[in-house]
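Next up, some structures in structure tokens.
Look for chain A in each of the two complexes below; its partner is chain B in the first and chain C in the second.
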Partner chain A sequence: MIIEKKIINKTLEIALTGRLDTVTAPDLESELTASIDGIEHLVMDFTKLEYISSAGLRVLLSAQKMMNEQGSMEVCHVNDSIREVFDITGFTDVLTIK
Partner chain B sequence: MAQFKLKRLLVPEKHDPATAEVLWQNEVHANRLTAIVMFCCSVFLILCMILTAVGVFVENPKTVYTSCTAALAWHLIPCIISYRYKFAKPWLKYILLLGLLIGQARIDCGLGYNVTLAILLPVVFSTRYYSAELTITVAAVSTVVFSTSTYLGALTGFTPADLNIVSIGVSHATVDYARRIMQHTFLPKWMLFAIISGVCAEIAGRGHYMVQRQANISQENSRIETELNTARAIQMHSLPEVEEFVKDRDVPFDLATSIVPAKEVGGDFFNYFYVDPTHLALLIADVSGKGVPAALYMMIAKLLLDSIGSTGKSPAHVLAEVNHLLCDKNLEEMFVTVWLGVLDLTSGEIITANAGHENPIICRADGTLEEITTKHGLVLGGIDGAHYRDEVLKLQPGDMLFVYTDGIPEANNPLEEMYGVERLKAALTAAEKTPTALVNAVSEDVARFVGVAPQFDDSTMLTLRLNRLLEREGLRVYPSQESIKEVQTYVESRMEEAGVPMKAVSKINIGLDEMYSNVVHHSNASWAEIICDADAEQVTVILRDNGIPFDPLNIPEPDVTLSADERHVGGLGIFMTKKMMNELTYRYVDGCNEVRMVLKYNESEANK
Partner chain C sequence: MKHTLTDDKLTLFLAGRIDSANAAETEAEVQQICEAETFTSIVLDMDELEYISSAGLRIVLRLLKAHPGLTVVNVSAEVYEILEMTGFTEMLPVTKAYRKLSVDGCEIIGKGANGTVYRWDRDTILKVYHNPDSLPDIQRERELARKAFVLGVPTAIPYDVVRVGDSYGTVFELLNAEVFAQKLNKEPEWLDECAHRLVDLLKIIHGTVVKPEDMPDQKAVTLGWAKFLKDYLPADQYEKLYALIDAIPEDHHMMHGDYHAKNVMLQNGESLLIDMDTLCQGHPVFEFASIFLAYQGFHEPTPPEFIDFMGLPYAACRELLHRIMKYYFNVEDEAAYNHILDKARVIGYTRLMRRTIRRDPDSEAGKALIAHCAAQLAILLNTVDSLTF
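Coming up: the complex of A and B.
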């Protein structure tokens, strides 16, 4: 998985390419922990993300919890597979998906 | 001497059933003996009368006839009564002894000097009932009855005068004469009688004690026998049964076994079990010694070999580990010889290690025999730290493996010759090539050779024929973090080959990630196997591991309606997989967790 980060003012944009699963989720988690301080708006771009497993959901959930305290978070460009995962797990209601 | 309790005559002593039975049988025998003796006495009484009639006995005929006739009645009637009841009534002994006592007293009354010993007879026979109480009672009654009979005999003039004491004739019998008879004849006789009675009572009491002891011993023996039989059943049930083992299983081999312990329980054992779905462990072992000690040691050795053998470690490692455990606190210097092999059912390779056990024999499909003479390690339980070596043998489909314990080659015939490995090989060569036929043929050949000679060792055989090889279908890995990528790549390439639609690939990838990461992080398994089967309609992924039994379908479903702050991700992966797959099943089989995922898709998607 490739993680691309962009910080503009207090907005952090993260674009993911590949898969967010057991193997790659820890990378995303450490990237987030490193950059999230002082961020008020987090955008996750899933355009090139193939799929996401529960390990990925765990990271998304903890990010969402952090952003609930310091601002907002949105997930955009979600493909069908990932949309289905979000639907099944109820994440559709938890995340802001655009 | 046993404590004397008169009331025992009326209220029988309480015995346990076994002792009571022995005592009762004895009483019946004693009744019979007493009756026979009384019958013999009757015959002699008739003989006396005849001898008197023909003049051999010069006693007064009238005295002889009256005394003998009366005594005859007292002897014969109890005989007939006891015969009528087949000597088997508890009251018969009183009738018999009383009859004997009064009958003898009646003779004593008329022929006192001729039958001085008559007074002893009832007491002597009472000892045969092994009851000191009965003997003492009979002695007491004898004293009364015989003193009366002697006195009456003297008074009525029946008892002839003892010329050394008195010089008067029969007609001069008086009270004074009777008193002198009692004083000079009966009293010294009674003193001797009292001593003999004491001895008889002691003998009877001792007899009683011996019977009781014997009954206890035989009871103990039968208890031990029962225990040994139960122990044997436990031991035999600890061994696997071929029929049950292959039931509901598609096995690529045939198995046959035979075990004949020399005693109730033995030290030989064998086992076979799946280490995993493609590896079959086979083992045969022989504990030093026989009987109960060997059997106890066998159970320990078997348990250790089974549990360590099923971890999937190599045979040499298993033997080394079991040896180490057996050496700990092995005070009795027991040991066990073991041959252990793990057969890879996909290749026919057997990894074997030998701890001082007999050489296995391979019967090749073409009929040739191969005795495997690789170097043996030391017996297990001998020296801690002993080394064992893995050797690799190879079976082709149709080949048979024959392992056995030394009870086979060391079976001896009446000439003290041993059966030997050469005769064994000849029997194997001649036998039909199925495991059952092989085992039967060797059993019969050994039995023929042995004949009537008793066998002192357990003899055991285990035979396997490999019928075909299993196809290795999947990927086998050590479930490390690094293996996750390898597993993903493997499954993906299988799906790519089959042209599985993208959407389904993603779903399978997610399911695999959820299930396999569980195996990696929580199972403690030493291997995992992944099989992926895809066609135009569905993908099936089977995930096996030899880790801790864990049923992922059995965990509570997460609440997916909670807000982010209340959410936990635990259980979510399994929940997702369950939702996305058409089938998700779990089973625990042959020591392995097996998760099976099936995802179906319609043809239009497959063609994308």
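Coming up: the complex of A and C.
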């Protein structure tokens, strides 16, 4: 998985390419931990994300919890199969998906 | 057109294609059935419907006007798309059909008492339940797992419920993981880390607050067990037992209900919980009652050297229980440890005694176990004055 990171003012934009699974989820987690201080808006761009596993969903969940404290978070450009995973797991109600 | 009438509910089975060529004929049939039967509710079963055109949808619309409680069930993905695009899914309750999967040629990765687990694709497994009537249980387990997952409890993603021939199954995320008990049997020196990991995960579970309506209340269940023993215990013991359980405060923290080393897996350094059908809510003493039973109580009064069900030597089970208690409660000395464990044992023996009276009251082993539970309860009820900690 490729993680592309962009910080503009207090907005952190993270674009993912590939598979967010048990192997790659820890990478995303450490990228988030390293950059999230002082961030008020987190945008996760899933345009090129192909697959998400439970480990990936847990990272999203903890990012959402952190951002609930310090601002807001949104997940955008989600493909159909990942959207279905969000629906099935109930994450549609927890995340802001655009 | 096929139709059934059960408990005043009329079900009409639509099949094949309904379009302008046969809509009038179909509607006449529907009307004929509705006039001939007496019913209070009406359901359209679309399991065998392949296509419906606007002419067909107008039949549904007129039927909905005449019977505002109309519902539609067993809708295929294709027909659902039509109903969704045309706004029908907002006008009346529409339930999708379960996906139909075939396990021909799929690799079997496990077999249990209730079902068989197949590898479905790179990322998912399919658990097919043997009992065709298990649908409500399957849906219940999936719903519990889903709730726990969204609340942050690490577990596999439960995907959808599917049909496999005459049975039902659930698609789960495939975990590349090892069951704790299995790893521990191979690497006995892993025991201490295993105990720490079990406690860490247990604290995540017990730190999660759930809505009262989302999971069963374990206190109510336990009071039921105690009531069952009314005729089997001396009156004063029964009353004390009931009062002790009744005095446990209401608690809306999650508990697993069957938390042992076979229901936790290790994947890439992360502990994952499985088998979510026993999830419930309540005071942690209820959890420790079931933990006590898994590692010790179930194997009394004469434990074998090796516990087949756990795949571990009995000595390892006891040691694991000991360390779980020690780390969870942060207690060092034997007395403090036993003081807490005794509270859990009261509930454990209550459950075990009831279960044995119901399942195996006549065999020699059954009789011995019932007498053992009664004797232990007699001792414990004499010394334990509260079940909370």
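The definition used in the following text is that the second predicted complex is superposed on the first by the 98 of 98 C-alpha atoms of A that agree within 3 Å, B and C clash if a C-alpha of one lies under 4 Å from a C-alpha of the other, contacts with A are read in each partner's own complex, and residues count from 1 in each chain.
We take it that a residue touches a chain if its C-beta (ideal position, glycine included) is under 8 Å from a C-beta of that chain, and two chains touch if they have at least 3 such contacts.
Please read all numbers here as calculations on a predicted model, not as lab measurements.
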{"item": "Partner chain(s) touched by A:V94 [first = chain B, second = chain C, both, neither]", "value": "both"}
{"item": "Most chain A residues touched (candidates chain B, chain C)", "value": "B"}
{"item": "Which of chain B and chain C A:V23 touches, first, second, both or neither", "value": "both"}
{"item": "Which of chain B and chain C A:D80 touches, first, second, both or neither", "value": "first"}
{"item": "Touching partner for A:E50 - first (chain B), second (chain C), both, neither", "value": "first"}
{"item": "Chain B and chain C footprints on chain A, overlapping residues", "value": "21-23, 51, 53-55, 57-58, 61, 65, 85, 88-91, 93-94"}
{"item": "Chain C-touching residues of chain A, taken from the complex the two chains share", "value": "21-23, 26, 51, 53-55, 57-58, 61-62, 65, 85, 88-91, 93-94"}
{"item": "For the chain C and chain A complex, residues of the former touching the latter", "value": "123, 146-147, 149-150, 152, 154-160, 173, 175-176, 267-268, 270, 272"}
{"item": "Residue ranges of chain B in contact with chain A within the complex", "value": "481, 484-485, 488, 503, 506-507, 509-510, 513-514, 516-517, 520, 558, 560-565, 567, 569, 572-573, 575-576, 579-580"}
{"item": "Residues of chain A that touch chain B when the two form their complex", "value": "19, 21-23, 50-55, 57-58, 61, 64-65, 68, 80-81, 84-85, 88-91, 93-95"}
